[in-house]
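Could you have a look at this structure, given as structure tokens, before my questions?
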Amino acid sequence: MSPIFELRDVCFDYEHTPALRGLSLQVEPGESIALLGANGSGKSTLLRLLDALCFPSRGTVTFDGEVLGPRLFQRNGPSHAFRRRVGLVFQNPDVQLFNPTVLDEVAFGPLQLEWTREQVLGKVEEALELMRIAYLRDRPPYRLSGGEKKRVALASIVVLDPEVLLLDEPTSMLDPRSQSEIIDLIHQWKDSSKTVITATHQLEMVEDIATRVVVLEEGRVAASGVPAQILSDQDLLLRANLVHAHRHSHGALSHSHPHRHSHTSHEHEH
Amino acid sequence: MHIPDGYLSPSTCVVMYVGAAAGWYAALKRLKRVLITRMVPLISVFAAFAFVVMMFNIPLPGGTTGHALGVTAAAIVLGPSGAVLAISIAIAIQALFFGDGGILTLGANCLNMAIVGSVVAYAGYRAVAGTAAPTSRRRVIAAGVAGYLAANASGLASAVELGIQPLLFHNAQGAPLYAPYPLRIAIPAIMIGHLTFAGLAEAVLSAGIVAYLQASDPGLLEVALGSVSAEGEKTAGGGQRWNLLRRLWLVVAMLTLLAPLGILAAGTAWGEWSRTELTQHASHPAIGGGSSMSASAGLQKLTELWTAPFPGYAPKFVKSPSFGYVLSAMFGVGLLLGGSLVLQSWLDRRRSTRPLG
Amino acid sequence: MSGFLEATALNLTRAIGRALTSEEIARRRGLLQALDPRVRLLGVLALVIAVTLSRKPMVVATLLTLAIVLALLSRVSLATLAKRVWLVVFFFTATIALPALFVTPGRAVWRAPVGAVQITGAGLYTAALLVLRVETAVTFTTLLVLCTPWSHVLKALRSLGLPQELIAMLAMTHRYVFLLTETAGQMLESRRSRTVGALRGALQRQMVTRSAGVLMSKSFILSEEVYQAMLSRGFAGDVRLLPDFQMRRGDYAALAGVIVVGVAAVWWGR
């Protein structure tokens, strides 16, 4: 099976600071990848490159055999085809909710892709039902809670039924219940034929959502492997700034060593 | 200032809408050419910024506060076309959604604050800043000066619009139907507030924002329309300065054209409201001094037009033929300048659409 | 002294508060809410034009009565209108119109016992007409805004012929006004809490202009991200919206009624 995404030596500069320095990666169709890395490691930039919102200064990004570049998006046909097949959910839902009501928001994508009115309305209803937000249909975005905003953002992507889902920190700033709902959703996608790439720095959910883990460090792939393998490599995690080592106490004992705080309890071995 | 409904006659509102529509059309066309896809999010967010900034209370010297328009900051960072649209949209939102400001007077408010404000702000800023580096102190001063000028220009425009209402729209007994104060009251009343609070607030805000951007994000100060590019859109840097020059000339042209008309209106208003005029009528005999010039009859007629409405007790120089000639000359120069600008832009458009090679 | 910070914060919260009450009223079942939004828009426009064209205070007062009736039939309480419109408008307009009582030339209807102060009949007429006009026009406009959700206003404007870029910009601006207002409010709050004691003038100004500068930078970043979010969902320069409204018989009747009322008012008040 040929890879659905192929990145070769990709470099990208964000305002004269290098964000990606010679990154190479292959993504197979149907994979569910957890993209790990501290803030500043290049996760968001990578997702934007995969969604063709910007193009590399050096190297190539290929989607399904075609190199992604500005010329490809100058014609409506290929541009629409790509936009439909790949969807990106931004970390900050406010940038993604720019329409007057939830209904308008979910309908935006299909309308831009020039579906007919009936198609649009039908698919929108499905997406609203799927994300269980039909009751928010006429709400304006500034009256939505954080969790609701995330679900609307997801609905607006899901309505297009993309093959590839790119998620940038999908659980950030959410309460525990909303977080677990999102995790369940990604879990479902993992078991489907969709390709999912989730950027996160929350290690706890990685095992639930990923078949492969890719660790980014300073704009390059530092490691790639199955979750069990990566998550047990403490040195790697420490280097990549995904775990921390600070002094903490257990009753009378006080020490410092690499560990992470999971959402259930703080556990480690001595 | 935002003029509410009821202060301007419907015909004034229509004229203002036509003027504003011309400004919107020009700005939209120019922006679409340069920023095809980025225009909508950029202008919208900036309009939202302007809306919010209009609600800031800006502390001024002397312990007072004032409100700024934000039009100068918008013009500096987005260029005049972007500022015209962004401020107009902010004003429209204020009127349509928050009920601040009239809907019939929307055209007038946009013309005064968004269009006149942006053009004066941009021209003033570029004139004072000259070729100074983006991070130089001169730019901060330029922003302050431009802000002061822009606030006062838009204040003056609204003052004139309000001040000519009683002149043009009154009932048979002479009672004004809309804004009740003639130019000689409206202009000082409104301008005092602008020359002090509003002008200073806008100056303080604009200078402060430029100073802040110089320290934190100087790139934004070079975002004149041409260089905001995405996906390989061509930059129009060369055209930038040329347009500025043309804009300055346009301002000059309009001023020279309008000044005689303004003085005419003032003179007539003066005549209407002075106590002695209540008994006499506004029609005065032509120039008393008799013309010793052998000027053509047409020019003489024009001269009479300017000077006739002034009442008998007006200062001598106002009634003299020379003053009339000066006014006629201004009017003529204004016409010529305006005409040549129109001709120039028509020629340019023809040149650019002709295929190369 | 930080009075200006409080004043600004007050302005910001008041703006939001008004927006939210509008929403609530727009959802009530009343006369105006039942009409097609286009009819509402055109109707209010026609009535405001009629108000502006009438020369007799009596006629304008009648139109004001009509506005009050419409308000009551649309379940808008007079208290709401008084608080939002009448008191503020009266205060400002009366202040402006007061001198006109004395300054407008005409026959005197009252002379001061000392000095040359007099109130003329023309002055009374002008002042009364101005105050009535402004009150009535703003009442009509406010009713429109209170009874119509913003998305409907936009769609009505679109279907009445305004260009789609303009509609898109109005929509997006409105949406982000709330976000920026929140951001500005938070910034000001944090500055307030960090201010110990009174500040001198120049520092005060610096505080405000720095907040404005930060807000502008954030605005740019926001616009950049929104742009990318739009691209990601297939936006290529033309904004497409969901058309919505159907005119019913009642709508036509209402429109006809408004035109009749407007013409009658103008004719009677000429």
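Couple of notes before you dig in:
Letters A, B and C name the chains as they come in the text, with residue numbers starting at 1 for each one.
Note that contacts are C-beta pairs under 8 Å (C-beta built on N, C-alpha and C of every residue); 3 or more make two chains touch, one makes a residue touch a chain.
Here the structure is a predicted model, which means the values were calculated and not measured.
The central chain here, found by comparing per-chain C-alpha centres with the mean of all protein C-alpha atoms, is C. Among the other chains, the CA centroid farthest from that of subunit B is the one of A.
Spacing of subunit A relative to subunit B, judged by their CA centroids, is 49 angstrom. Note: centroid distance subunit A to subunit C, computed from Cα atoms, is 42 Å. Centre to centre, using the average C-alpha position, subunit B and subunit C are separated by 24 Å. With touch defined as above, residues shared between interfaces to two or more other chains in subunit C number as follows: 150, 171-172, 174, 176, 179, 222, 226, 230-231, 235-236.
Listed for subunit B are residues 41, each touching two or more other chains. In subunit A, the residues that reach two or more other chains under the touch definition are 98.
Interface residues of subunit B, counted against subunit C in their complex, comprise 4-7, 9-10, 13, 28, 32, 36-49, 51-53, 55-61, 63, 65, 70, 73, 77, 85, 89-90, 92-93, 95-99, 102-104, 171, 173-181, 185, 204-205, 207-209, 211-213, 216-217, 220, 230, 273, 275, 278.
Considering their complex, residues 48, 51, 53, 76, 79-80, 83-84, 87-88, 90, 92, 94-101, 103-104, 107-109, 111-114, 117, 120, 138, 140-143, 156-157, 160 of subunit A touch subunit C. Residue ranges of subunit C in contact with subunit B, taken from their complex: 3-5, 7-8, 11-12, 15, 18-19, 22, 44-45, 48-49, 51-53, 55, 84-85, 89, 93, 97, 99-100, 103-106, 121-123, 125-127, 129-130, 133-134, 137-138, 141-142, 145, 150, 153, 163, 165-166, 168-174, 176-177, 179-181, 184, 201, 204-206, 208-217, 219-220, 222-224, 226-227, 230-231, 235-237, 239.
The part of subunit C that touches subunit A in the complex is made up of residues 20, 23, 149-151, 154, 171-172, 174-176, 178-179, 222, 225-226, 228-236, 240-243.
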